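To keep things simple, chains are lettered A, B, C and D as they appear, and every chain counts its residues starting from 1.
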Amino acid sequence: MQSQNVQRKVLRTLCPDAKGLIAQITSICFKHQLNIVQNNEYVDHHTGRFFMRTELEGLFNDEALLADLDEVLPAGTVRELNRAGRRRIVVLVTKEAHCLGDLLMKSAYGGLDVDIAAVIGNHETLRALAERFDIPFHLVSHDGFSREEHDARMMALIDTFAPDYVVLAKYMRVLTPAFVRHYPNQIINIHHSFLPAFIGARTYHQAYERGVKIIGATAHYVNDNLDEGPIIIQDVIHVDHTYTAEDMMRAGRDVEKNVLSRALYRVLAHRVFVYGNRTVIF
Amino acid sequence: MQSQNVQRKVLRTLCPDAKGLIAQITSICFKHQLNIVQNNEYVDHHTGRFFMRTELEGLFNDEALLADLDEVLPAGTVRELNRAGRRRIVVLVTKEAHCLGDLLMKSAYGGLDVDIAAVIGNHETLRALAERFDIPFHLVSHDGFSREEHDARMMALIDTFAPDYVVLAKYMRVLTPAFVRHYPNQIINIHHSFLPAFIGARTYHQAYERGVKIIGATAHYVNDNLDEGPIIIQDVIHVDHTYTAEDMMRAGRDVEKNVLSRALYRVLAHRVFVYGNRTVIF
Amino acid sequence: MQSQNVQRKVLRTLCPDAKGLIAQITSICFKHQLNIVQNNEYVDHHTGRFFMRTELEGLFNDEALLADLDEVLPAGTVRELNRAGRRRIVVLVTKEAHCLGDLLMKSAYGGLDVDIAAVIGNHETLRALAERFDIPFHLVSHDGFSREEHDARMMALIDTFAPDYVVLAKYMRVLTPAFVRHYPNQIINIHHSFLPAFIGARTYHQAYERGVKIIGATAHYVNDNLDEGPIIIQDVIHVDHTYTAEDMMRAGRDVEKNVLSRALYRVLAHRVFVYGNRTVIF
Amino acid sequence: MQSQNVQRKVLRTLCPDAKGLIAQITSICFKHQLNIVQNNEYVDHHTGRFFMRTELEGLFNDEALLADLDEVLPAGTVRELNRAGRRRIVVLVTKEAHCLGDLLMKSAYGGLDVDIAAVIGNHETLRALAERFDIPFHLVSHDGFSREEHDARMMALIDTFAPDYVVLAKYMRVLTPAFVRHYPNQIINIHHSFLPAFIGARTYHQAYERGVKIIGATAHYVNDNLDEGPIIIQDVIHVDHTYTAEDMMRAGRDVEKNVLSRALYRVLAHRVFVYGNRTVIF
């Protein structure tokens, strides 16, 4: 009868470490007759922070649950109760198709529990690709606008879609601090390099010139500027002397799209905690 | 004046090893005033076979060049002179979208020098995906046909497109010997497993049951049956106890599509030699 | 005053899943004023098993703690309270030096918290290597003995060292069921292949003949025969057509020794749970 | 009768690219009745350089062969005729044992065709380890010496062993330009980082602070300072938030020793060409 109300939610707790936290939190869940489907916790003894992700199943009384938790959790605790399930994103692009294509495929055919509310480009190039998948494409050209004006127009448009996350799928613009602050821990970027090895725009050419034998990609939150922020996933591939900068770019595209979608997968499942410049990933 | 005729071609030589082969072949190229852009050779001392791939640039007189080569090359030599450039493929599918999606993206937006002449499915499932990219989709249902009859209908249809290669992008049918013989060294398959570890249909479930810590995918020529044939590329990812068979399947899809397209990339560039059950890849 | 008694121990619980287990176990630890340094748990929803590893710090009253736990834990629970710290192993070898060398190095110079009580070989070959590191070497030749007799002599000798684990570092003998039963979940083997791909003795030659592009190694518990048992760690390296079987063997040796020592590292830290033919690794 | 003189040598050619080079060089080898066991060449079209490694077998008349080559090779050619087989190295160390231990094992038990003429440390720490393997250890303390004086003493000692290569196996001293110039393309270093990501001494701590998800190691020639120079091999491992800087260091040690010995393997086989800040590796 009430089974229609059985839900799955993810409780996330980030607080100063203290003795008995796991027992207290899980006891409250137990008292609420919620089943713990999966639980992960981690204590960073370096900074004295406690992180816990608790996947719960049952009949939720959110307010009562959170009130009970607030009674035992220390001051300064961040706790969230997220529903499980599909999330909504807006994807920002410039001209390169590979990351957008992978997101469109996985949204439409499985692999990411995500609805793409819109694709926004600062060039027209990828309109056709978005529209192949029946996703609205919006051009917000930066021509004739200051960086601040352009970002303001972007924000105004993005906010109409109320996305959970903003995904930069090879969006080749430096963001303004105002933009970054507007979406705290909500912007995911794919960087076409193995951070912190090479920063900037022509990283494959830098890598070629340096004669590296490995190239990679980094997915990270944007909290400051395009090339910094807490790292979520990194991966690499081996290259050799026969690779031109263009070959590295071609091979790197597969790494970039894989790393971006693996990072998103974890973010969407509420598995990534950010603190300072680091991430805890369960 | 004649510069419009400057072409790039790939000369491939596979023959019994003999002293002086490199000198003789490259001398003939030199005599024809062809520039060697890239040259790779390999001798398998185990079997006494000589393999050479020579990428040439210049004004070609194909007949004269091959005639000169035939004078010096030993009996039993296989030599081909392939034009460089885009190739034409037909893609066979069943219901899974990820490999087809990646091929469509790379054909349309770069990454593979390939035109997809048609997508042929034994189910309707992927018609919409092919048509999103303006590629014709053909249903050749196996319902009510013997395996031989179905393959005969497939071959008849495939041959109307005169493809260079037939790519099995998660085509979940066992091929008849007649089909395989009809496309010698032209059929590329992606196997959803790390061959020869698990063979058959439910390999991710087998992998889960066995408690493996690595899963992988294998791209190979089909010369016999669906799960055998000379291996082109293999790759793996690490998994752990938290992966269900379904999680392995999801994670495995990225490996599968990457491995398939990396294999195709090398095949299309005439970089893969087959001999017996092995490949030489330059 | 009592601070000299502060200890670190690892509590391991493996039982049927039930609501409230985490809360109950951690509450008992809390009641005993033990600090949870690190906690990991996992529920296999497929089999309904609950696994938890709790690293505790404080003043232990082992009997009281276990008695309290037994009151709340369901029937059929396996729980252990292991002291942290160095463990003692016996290493079994035949003729190949690389895995033994790595264990000797890491035992003597850091990397594994392990004391090697003895090296036992069925050949004299590695005596000098063991003795370079001042570890006693014992020859137990199989010449003139049945497999059962030889294993009985091995067991008698091994037991004099009372090891925590028996490590097969390229020990090329098939073990008798009696031997395996005598050391339940205590025997760790390195298999020179990527299980279940190739089984048996000449796996590199099998891999070469098959033309594989990846070779690997598997560290696993021995519970049945030499090539089966729950997998702990696997890893691979890429090879190409230029590798002879001997080249594969040489390259494979580095993978073998790395995989074996990474597996041991986790086993020694009480991070590996075995159930059926699978492992949970925290 | 003369079969006792059949030798294997490696001819290396590095010169400006020109039409017909492969034909000319291999024709001369053919004329000298030398069998080409293996041949690799590469043209860097970016810089117009031609690289060729030719492994030859037969009866050598070195002077005649080189004279014939000099007649056809362009000005500015570097060509060497190296005997195949074991090489002699001197290993420089400070306090960390893992790389030295791996070199000692592989020199003594197979894996590297190398004789270690001596181990030289600026601390006593690793004397016992070298002597376990009957390799002479020399202390050249830097106490009370300027960098220049210390390096001069090192060079004087190293030169008494006439090594083919000087291997820095975690030698934690910055080298003087005089030292580096004294051993051109003969010094191999293992850098405890994924260059160019982190440079300097405490790279694992830098990596930890940055929250990276991958750590690695780089083997490179030293041509300038300790952390630069042409890269030979790089590899990485994945880490996560549970790794402290010390855990990264422990895990990184296995990568370091593997990368160093894989780089040495290629250098010893005359497979690595250096030009500018890059390497070509056959």
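Just so we're on the same page, a residue touches a chain if its C-beta (ideal position, glycine included) is under 8 Å from a C-beta of that chain, and two chains touch if they have at least 3 such contacts.
Note that the structure is a prediction, hence the values are computed from the model and not measured.
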item	value
Longest centre-to-centre distance from chain A, chain (CA-based)	D
Whole-Å gap between the CA centroids of chain A and chain D	42
Distance between chain centroids, defined by C-alpha means - chain A, chain C (Å)	37
Sites on chain A at which at least two other chains make contact	42, 238
Overall pattern in which the protein chains touch one another (line/ring/star/complete/other)	complete
Residue ranges of chain B touching chain D (in the complex, touch as defined)	19-20, 22-23, 26-27, 29-30, 33, 35-43, 45, 238
Complex interface listing, chain A residues touching chain D	42, 44, 46, 194-198, 209-214, 216, 230-236, 238, 240-242, 244, 276-281
Residues on chain C engaged by chain D in the complex (per definition of touch)	97-98, 101-102, 105, 108-111, 129, 132-133, 250, 253-254, 258, 261-262
